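Have a look at the structure below before the remarks.
As written, the chains take the letters A, B and C, and residue 1 is the first residue of each chain.
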Amino acid sequence: MKDTAKRPMVLYGTSGQALFVYDEVMRSGSGYEVVAFMDLDSEDGFEQYTQLPLISLETWKRDYADSSYMLLCPGTPSIRRKVAKEFCALGARFARHFDGDRTDAPWKAVDIGEGSYLGLNTLVGNCVKIGDHTQLMTNINVGHDVTIGDYVTIAPGAIVSGYVEIEDDVFIGAGAIISNGTPEKPIVIGQGAMLTAGTVAIRSVPPQTRIIGVPGRPL
Amino acid sequence: MKDTAKRPMVLYGTSGQALFVYDEVMRSGSGYEVVAFMDLDSEDGFEQYTQLPLISLETWKRDYADSSYMLLCPGTPSIRRKVAKEFCALGARFARHFDGDRTDAPWKAVDIGEGSYLGLNTLVGNCVKIGDHTQLMTNINVGHDVTIGDYVTIAPGAIVSGYVEIEDDVFIGAGAIISNGTPEKPIVIGQGAMLTAGTVAIRSVPPQTRIIGVPGRPL
Amino acid sequence: MKDTAKRPMVLYGTSGQALFVYDEVMRSGSGYEVVAFMDLDSEDGFEQYTQLPLISLETWKRDYADSSYMLLCPGTPSIRRKVAKEFCALGARFARHFDGDRTDAPWKAVDIGEGSYLGLNTLVGNCVKIGDHTQLMTNINVGHDVTIGDYVTIAPGAIVSGYVEIEDDVFIGAGAIISNGTPEKPIVIGQGAMLTAGTVAIRSVPPQTRIIGVPGRPL
């Protein structure tokens, strides 16, 4: 493995989504450098586009586990939850990726959990708390006073207005919009709910419910 | 008050929206520096996140009115209209905030009125006239040959196509889309109209009318 | 014509759309410099906003054809197709415009055809192939493993998810969303189809079909 001032990152995932994340990590000044790709089935070789090492689970355990940080790329919340559980049991350490220039100021009160990722051009407002292994893709707009749980995926171009709570394992589709709540009555997207692409949620959504349309209605 | 080469700005508003504006003003090279927050009910103290002075109306009149510039942060058009009227009567001067690199070139023919604000990543095309105390939030896309009136609010992620006229006091919700008009027949959003989040306006909207859906229809 | 280290570009088109393109080309470090505007009916004079030469077809043939590169600005696919054919017959050479920092890395596998244009803040993922004389406007988000044909126009704010194929002459309206396909079954937008503003395509669209709504349905 490279000897580098940046902390080494292993990307879990071998699809286009992992390459998107690779692009962003390498482009930003985030302090990490991607050194390998893997998934649970991979065998030792080379990732076909970057020519970086593609490693097996055994190679990861032997050569990378103690000296690198992992970021989980798959878009599906339940997959990330399952993989995170397996790698936690193996003692993995997780990286986070986000634009620190936009989120780190103490007055901004932004808190981002372990293993989470905010993509290119994604903006968050003040008082935003994001859980673990949560993935916000590109061009997402998150307002102020928003709580986002663990294993949430938000697809590109989505808009989350202010005074919103998104519970664990929620999937927000591309270009979906959540209207703003109020301090007394935030809009709550319940655990495991799913907003399909382009849906507009104008009120709270019960757990495990899939909604579609403008305005969003349960399927 | 600070002695600074930048012009001092007082932000009217004490919610998350005001902190969003604070973030952008401080991050940009706009020539202003926020020195205090206030609203009509505030008492002297400190804004809780930035620790900047929170000032009362009396303190503003005595110590800030003659030497600072105000920007009104509340999102509701009628609130900004009411507050602007009161502060005009008190002799307030207003700041504007926008990315001059994107708007100032003379050939671009962009005109932005007093007290108006264009948020982060918001783009405007050529021949765009924006009135006073109008607020375009983040990630908004405004085409060419567009007129926007006074006290208009456009929420994040909205798209205004070319050959559109938006009259005073209009509220455009998050992610709403206004289709393009033509030079002979622009799309006109009438005074005080409201497009709810995610609405797509494909034709002109009468004044005071609220529309919803794709395509947008009156409620 | 200017003697310049940058390659001279002539913009075909004289409306606000052409000025949008002018703004972006001049702002970026793309290696081109706009030296004139024209359309098939223009007479020699000056473009009204930039004061750059507005040239006739005869002047183009005599003074610009051999030493400049053209970019076609009209938004309508069929107009660009017609004009490209006429100028190809006259031996024109075409420019491309896009942000090379975001697309050029070899591992990114992005291929952009002749005469095509990607606007400001438009992002593309890995394994994206774009044809000739195709126009992606501002703030567009294109995922990974996407093929876009020739003479396609994508209006601002649209979102194209991964595993999508967009055939020639398609028009994607402002803020429209195409859901993701899968490697085995990509979503295909057929030749000449049209997605109106804000439409969400959740399945393939037949050629020459216009769809509207959330989810998109044929008109």
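The definition used in the following text is that a contact is a pair of C-beta atoms (placed from the backbone, for glycine too) under 8 Å apart; a residue touches a chain by one contact, two chains touch by 3 or more.
Keep in mind the model is a prediction, meaning the values are calculated, not measured.
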| item | value |
| --- | --- |
| Residue-number overlap at the subunit A/subunit C interface, same or different (half cut) | different |
| Angle of the C-alpha superposing rotation, subunit A to subunit B, to the nearest 5 degrees | 120 |
| For subunit A paired with subunit C, centre-to-centre distance based on mean C-alpha positions, whole Å | 31 |
| Residue list for subunit B, restricted to those that touch at least two other chains | 121, 139, 157, 175, 198, 214 |
| Contacting residues of subunit B [partner subunit A, same complex] | 15-17, 19-20, 22-23, 49-51, 120-121, 138-139, 155-157, 173-175, 196-199, 212-214 |
| Touching residues on subunit B, where the partner in the complex is subunit C | 105, 107-109, 121, 123, 125-127, 139, 141, 143-145, 157, 159, 161-162, 175, 177, 179-180, 198, 200, 202, 214-215 |
